[in-house]
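Below are two complexes that have chain A in common, paired first with chain B and then with chain C.
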Partner chain A sequence: MKKNKVQYIGKKVLIFVISVFLLSLITFYISRLAPGDPLVSYYGDRVEKMSPQERERAEERLGLHEPVSVQYVKWLKQAVRGDFGISYKYKKDVLEVIGGRVGNTLVLGGIGFVLIFVLALLLGVLCAWYEDSRLDRVICKVGTVLSCIPEFWLSLLLLLIFAVELRWLPGSGAYTVGKSDDILDRIWHLILPVSIVVLNHLWYYAYMIRNKLLEEVRADYVLLARSKGADKKRILFRYCLRNIIPSYLSIMAISVPHVLGGTYIIETVFSYPGIGTLSYESARYKDYNLLMVLCILSGIVVILCNMVAQAVNEQIDPRIRATEIMQETEETKR
Partner chain B sequence: MSELLEVKHLSVSFDTLQGEVEAVRDVSFSLRAGEILAVVGESGCGKSVMCKSLMKLLPGNAKIKAGSICVNGVDITSYKEKEMQKLRGKLFSMVFQDPMTSLNPTMTIGAQIAEAVLIHQPKMPPVEVKRRVLELMELVGIEQAEERANLYPWNFSGGMRQRSVLAIALASDPDILIADEPTTSLDVTIQAQILDLLREIQKKLGTATILVSHDLGVVARCADRVAVMYAGKIIETGKTEEVYYDPKHPYTWGLLRSLPALSRGKNRLYTLPGMPPSLIHPPKGDAFACRNAYALAIDYEEEPPMFRVTDSHYAATWLLDERAADVREQISEAMRSSDTEAALPCLLQKAQTGSVETGQFAGDMTGKKTESNGNSETGPKAEILLDVQHLSHVFPLTKKHVIRAVDDVSFQIRRGEILGLVGESGSGKSTVARCIMNICQPYSGKILYRGINVCDRGQFRQNRKMLQTDRQLIFQDSGSSLNQRMKVEEIILEPLKVGHIKPMHGSYRDEALFQMKAVGLEEQCLNRYPSELSGGQRQRVAIARALITEPGLLVADEPIASLDVSIQAQIVNLFRHLQEEHGFSFLFIAHDLAMVEFLCDRVGVMYHGRLVELAPCRELYENPLHPYTKELLAAIPVPDPLRERARKATQFGKDAYMGGGKMEEVLPGHYVEISQ
Partner chain C sequence: MSTGEFQVVGIRPARQQPEELKKKWYQGKPVVSIVILALIAAGCIGSRFVMTKDPAYMDLLHYNLAPNAEFLFGTDTMGRDIFSMIWYGGKISLLIGLLSAAISTVIAVLFGAVSGIAPQWLDTLLMRVTEILLSIPNLLLVILLQAILGKANVLTISLVIGVTGWTSIAKVVRTEVRQIRNSEYVIASRCMGGGFFHILWKHLTPNFVSSIMFMVVMNVRSAIVSESTLSFMGIGLPLEVISWGSMLSLSEKALLGGAWWMILIPGVFLVVTLLCMTNIGNFLRKSVNQKQSNL
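Our next item is the complex of A and B:
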């Protein structure tokens, strides 16, 4: 039993390491295939005035003169030791640059995610409870429309309305300059981006909850519960909701990267100082070292979430548990 | 006895896109306290809908159009959901057909029973509840209740789950128990146990029971009264003895006659032609008229009223009208003189039943088997087509534990022979079929088809095309084994196209038409989708699909298990007819012995992955040697209430079965496993 678990975890870790390695390899090559000049981000406008010799020396200093494969091996050797190089643009250690920003993204994504999770559940249950009523239909239709609108367009629209025209909410940044410690001010700045993250992703999950619930309501065991005399509340909450929660959890785990991708775009639109804006900049200015770390970081999140989802799914599958229980009974018999 | 439940002129209809479905039409009946009423009819006759409408468990698009439901003299027809909730469980509760899906998979059995107890007595202290749960579990015959209460439904077998459902239904001591086909999806041996349990509970608790079934044989065992439903109406009702020994409606005759137990010793099963009508626009007059060989002119025009036979026995057929007296005379005359005499239920007199034993019918077996034996091509001297040698298959549960699904099974099928393979679910029959069809790779053993070892990859690859076109498989549930998005024509022709075979009868379409006709389907069906066909029709499509390549071996994995008894008889007769025409060898898998007799030349009985008995069909039925075979034979329900009630369900001691015995030829051709 214990040995099995060790094996299981070992297998997962191995898969994880291989995935991250492949991810880093692919990003490394692809980022260098794209057109653009990395020197620009380091030296700025000075690059245009450089002579070819100066350029060569600059490239040598940044380690860009070697073939890509050699560069990769060097990078990997350093990365394993925890040294990810410096950011060309900020001329600081990459981790330091990211460290200053990652909190902002976590706050934005985290709040958005929790809100999506809770609101979707509420909306889904509401729709299932009032199945086929006017409320249900309106929610479903509004949701379909909203989830089809691309997030950048929606953010621009809301920016125009609430920040530019009405001037109710701030349109950019994470805090008003000079007030970086004021929590209320930060929340104030979060309202628009968070609501766009939520508006965009909420419906899909709410709709999923609704349909899963209705599917469960039509299951045979609900008929038996009804013939016992159970009322609607008990059936919907104690039976159906309880039975779909595991699959909901696993789907939400898969959706983390999805929501994450959404926040990246929204951050860019709102010039919110988070990982998203940073990634955009690093890709644009060929800030290779920064780009690598950001990509790997996002990749790790995605892979981890998928693994969690898979583990949850495996736990739900009764056949796996069935074999465990059989084993246990066999053991106790002995 | 007082009337506990009284239903008067109940009509229920569904709104569908195709139009209004009149599922229940003008049904009246009553149920007295402590009696068992059986409602019988083919699927699609409105039995289930009627039961659900009593408890108002119908889906939203159904409505009660007319009539009233009175319980204890109180009219509950207009009760709303809230009021019904209070009655459900307490006044009446229900047991459903499929115990596999009717329990909540994420709650323990004990918790589900406890919930049913608590719903109507929310203030019961936990200790009390626990005691009650254990009491209920013991009542329905679940042993070691204390441990089992903590198990989940998937730890239970089908029979145990149905017992748990029954415990839930009985939790609040309901006055009325509605059992909707409670045994249809169970093995025959388990079916007998559950029926006995129902009877026992009814005796112990005095619960009035409505038992719904499509099989008249099943209900004979425990019903007090029987109501026969057809096309949404009750067409005959009476005491069990009256309906079984003196049926008046031609539909009841048909249902009784199509039961295999009554056709024992006949060449062919009697079949009820056709299917129940669609209830979207129910036919004018007697709905059964178009399937009725004795239909009168008036049957097509006017609906027959309920005629009184005795005070408790009523039937709706014009044959009982005074003016039809001479027709009645003719019919009974014709029945008496025809050779179907013995099969007629009306002549199955009480006197005859006292001493009948299982072997009695075998005496008048006609020469079906001698016929085929005399034919040298298909007889015992014919070449061996399929040779299964010491086949074993294991399914690994974990690295250490395995299930021996098939354990050292050997048999042969000769050219043109029909071999039946019988056993309860989980006995490994399907795995044998899968191994033969190369769907599973056997763990050990050999399967030789026309001398080719099909398990050997090299040999299989060399003969792939022949092996794939020459062996065909038919599945149990043609609803899910036929592609829902393909038209019937495409489905039938697919094997030809996949195998690049030229059609034999002109164009592809001609070939499809020919095959459709051969299996008794109409031309229009070609352009339909499987979901638009009935279960029997779908199975016919599956047969046509399998036969289009002119296979040498047909393997049918429980092809009739999911069908109504009357349709089962039709399909079995079709198989027999087609086999005579095409001469293919046939491996027919079934879970009970009732139908196998009419089809097979030899029968093998499987138990826990082992072949325990293999004998020529007649020999097996006359002289079963293995205790499990005896149990299976005894479990075949006979539509004879007196005999059924007298009989006790024999239980083959599963613990007594050691396994690991050796097959020995006891009589010529009759092999039995003898444990050492």
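Our next item is the complex of A and C:
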């Protein structure tokens, strides 16, 4: 049993490392294949005035003259030691640039994620409790409409209403200039972006909970519990909800990258200084080193979340383990 | 007064069943969505007959106008007539949606079928590849691909969106194919010398077409969303190519001037189209919860 556990973890780590390696290889090649001049992002407009010799020297200094495969090996060697190079645009260490921004994204995405997690659960249970009533139908309709609105347009709409017409809420940035330590001011700036993150994703998960609960409610054990005299509340919360929690947890783990991807777009609309605006900038200005690290970071988040989801499923729900074992034995039989 | 504990009271009268209302042909079908979508599509396809102005013409005398009698939906910051642009640009938005959904469906069916029929090791390999592809953030992948293909036009952007959006359909196709690949009729067809594409088209596709239909419709939807998001952010279609997304890319200027019509009108068309597609897609998904609740 102990050996199995070690093997299990070892296998996961191995898959993780291989995935990250392939991910870095793919992004490295794609970003180097892309046309556009990384020198421009480093030297700005001066590049156009450079003589060919100066250009060559500049490329050599940044290591851009070698074939892509050599560049990759070099990059990998440095990356293993924790040196990801400098950002061409900010002329600072890549990790430093990211470190300055990552907190903002984590706050935005984190608050959004927690709110989605809780509200989706509440809304889903509410809909399942009042199944097919007028309330349920209204919530379903509104939810469907909301989930159809692209996040950038929702941002524009709310900006137009609350920032331009009513002037209640600030329309951009993470804080008023010069007030970066004022927590209230930061919260004030977070209201619009967070509500868009939540509104945009909420219904997808709430609807899933509703449907899963409705499926659960039709199971035979509910009939048994009813006939034994358990009341509706007890059945729904103690039995049905408990049965859907594992799948909800795993789906929420998979949802992390989606929520994060959503914040990327919202950040650019609100010019919120986070990872999203950073990756958008780095892609536009061909800031290779920065882009690479951002891609790999996002990829790691996705891979990790998928693994967590799998692990949650396997640990909580023995049925999945059982089916997997059955599949494996079947395969070895063949 | 009865003396016994039990008493025969005869046959219990049958409970009066309320006469079941006969369902009309349109009930339970997303008729409203289909009609609205058809209207929008017809308007976009026949944009030539609907437009009141040249959508690309920049009328510098009348820029930034609110909706009025001459310019039904107003004009944008460059003096173009929004009413005409809606229909003209809708054609491009819908075209991109259909085209990229078609591209991703073809890739997904081929990839899924190969993975489903292939031996175990190849199948595992292919599925690992899709997982790694999935782990690259979609937005970044699109940006990168876009950079390789150069300046965006309708074709390249459909290609980029199509190439990045096929993985989920491929997974469904693979599972379905794995279930039926050892059926007698598939084996028989193979024995008679049927090639891969023959089996795929004649025997496999009819089996999984219903389960991916919903996803294909949703794919059209998400392709339209991707296009508009990209164009809005300025990394998709350029301003000169009119689509609902590129119309919205002017919205930052519109926000400053409080020009609601520039943001609201293209957005409403976009959202209504997406909503109709969602309703149709949900209808195509196998309906659940037909049973009575036990609670």
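The rule is short, and it goes like this: the second predicted complex is superposed on the first by the 316 of 334 C-alpha atoms of A that agree within 3 Å, B and C clash if a C-alpha of one lies under 4 Å from a C-alpha of the other, contacts with A are read in each partner's own complex, and residues count from 1 in each chain.
Here is the rule we go by: a contact is a pair of C-beta atoms (placed from the backbone, for glycine too) under 8 Å apart; a residue touches a chain by one contact, two chains touch by 3 or more.
Everything numeric in this text was worked out from a predicted model, so none of it was measured.
When both complexes are overlaid on chain A, the residue A:D231 reaches chain B alone and has no touch with chain C. When both complexes are overlaid on chain A, the residue A:A219 reaches chain B and chain C alike. Shared-chain residue A:Y239: touches chain B; no touch with chain C. Chain A has more of its residues touched by C than by the other of chain B and chain C. In the superposition on chain A, A:L294 makes contact with chain C only, while chain B stays out of contact range. Using the contact criterion defined above for the overlaid structures, shared-chain residue A:L122 touches neither chain B nor chain C, since it reaches no partner. Touch criterion not met for A:V138: it reaches neither chain B nor chain C. Shared interface residues of chain A, touching chain B in one complex and chain C in the other, are 219-220, 223, 226, 232. Listing the residues of chain B that touch chain A in their complex gives 55, 57, 60, 81-82, 85-90, 93-94, 96, 98, 101-106, 115-116, 119-120, 152, 154-155, 165, 168-169, 171-172, 397-398, 400-401.
Across the interface of their complex, chain A is touched by residues 120, 131-132, 134-140, 143-145, 147-148, 150, 221, 225, 228-229, 232-233, 235, 248, 251, 255, 258, 260, 263-264, 267, 270-271, 274-275, 278-279, 288-289, 291-295 of chain C.
Only residues 19, 22-23, 26-27, 30-31, 33-36, 131, 144-145, 147-153, 156-157, 159-160, 163-165, 171, 211, 214-215, 217-220, 222-223, 226, 232, 235-236, 257, 260-261, 264-265, 268, 279-280, 283-284, 286, 291, 294-295, 298-299, 302-303, 306, 331 of chain A touch chain C when the two sit together in their complex. Those residues of chain A that touch chain B in the complex are listed here as 132, 219-221, 223-232, 234, 239, 242-243, 318, 322-323, 325-327, 330.
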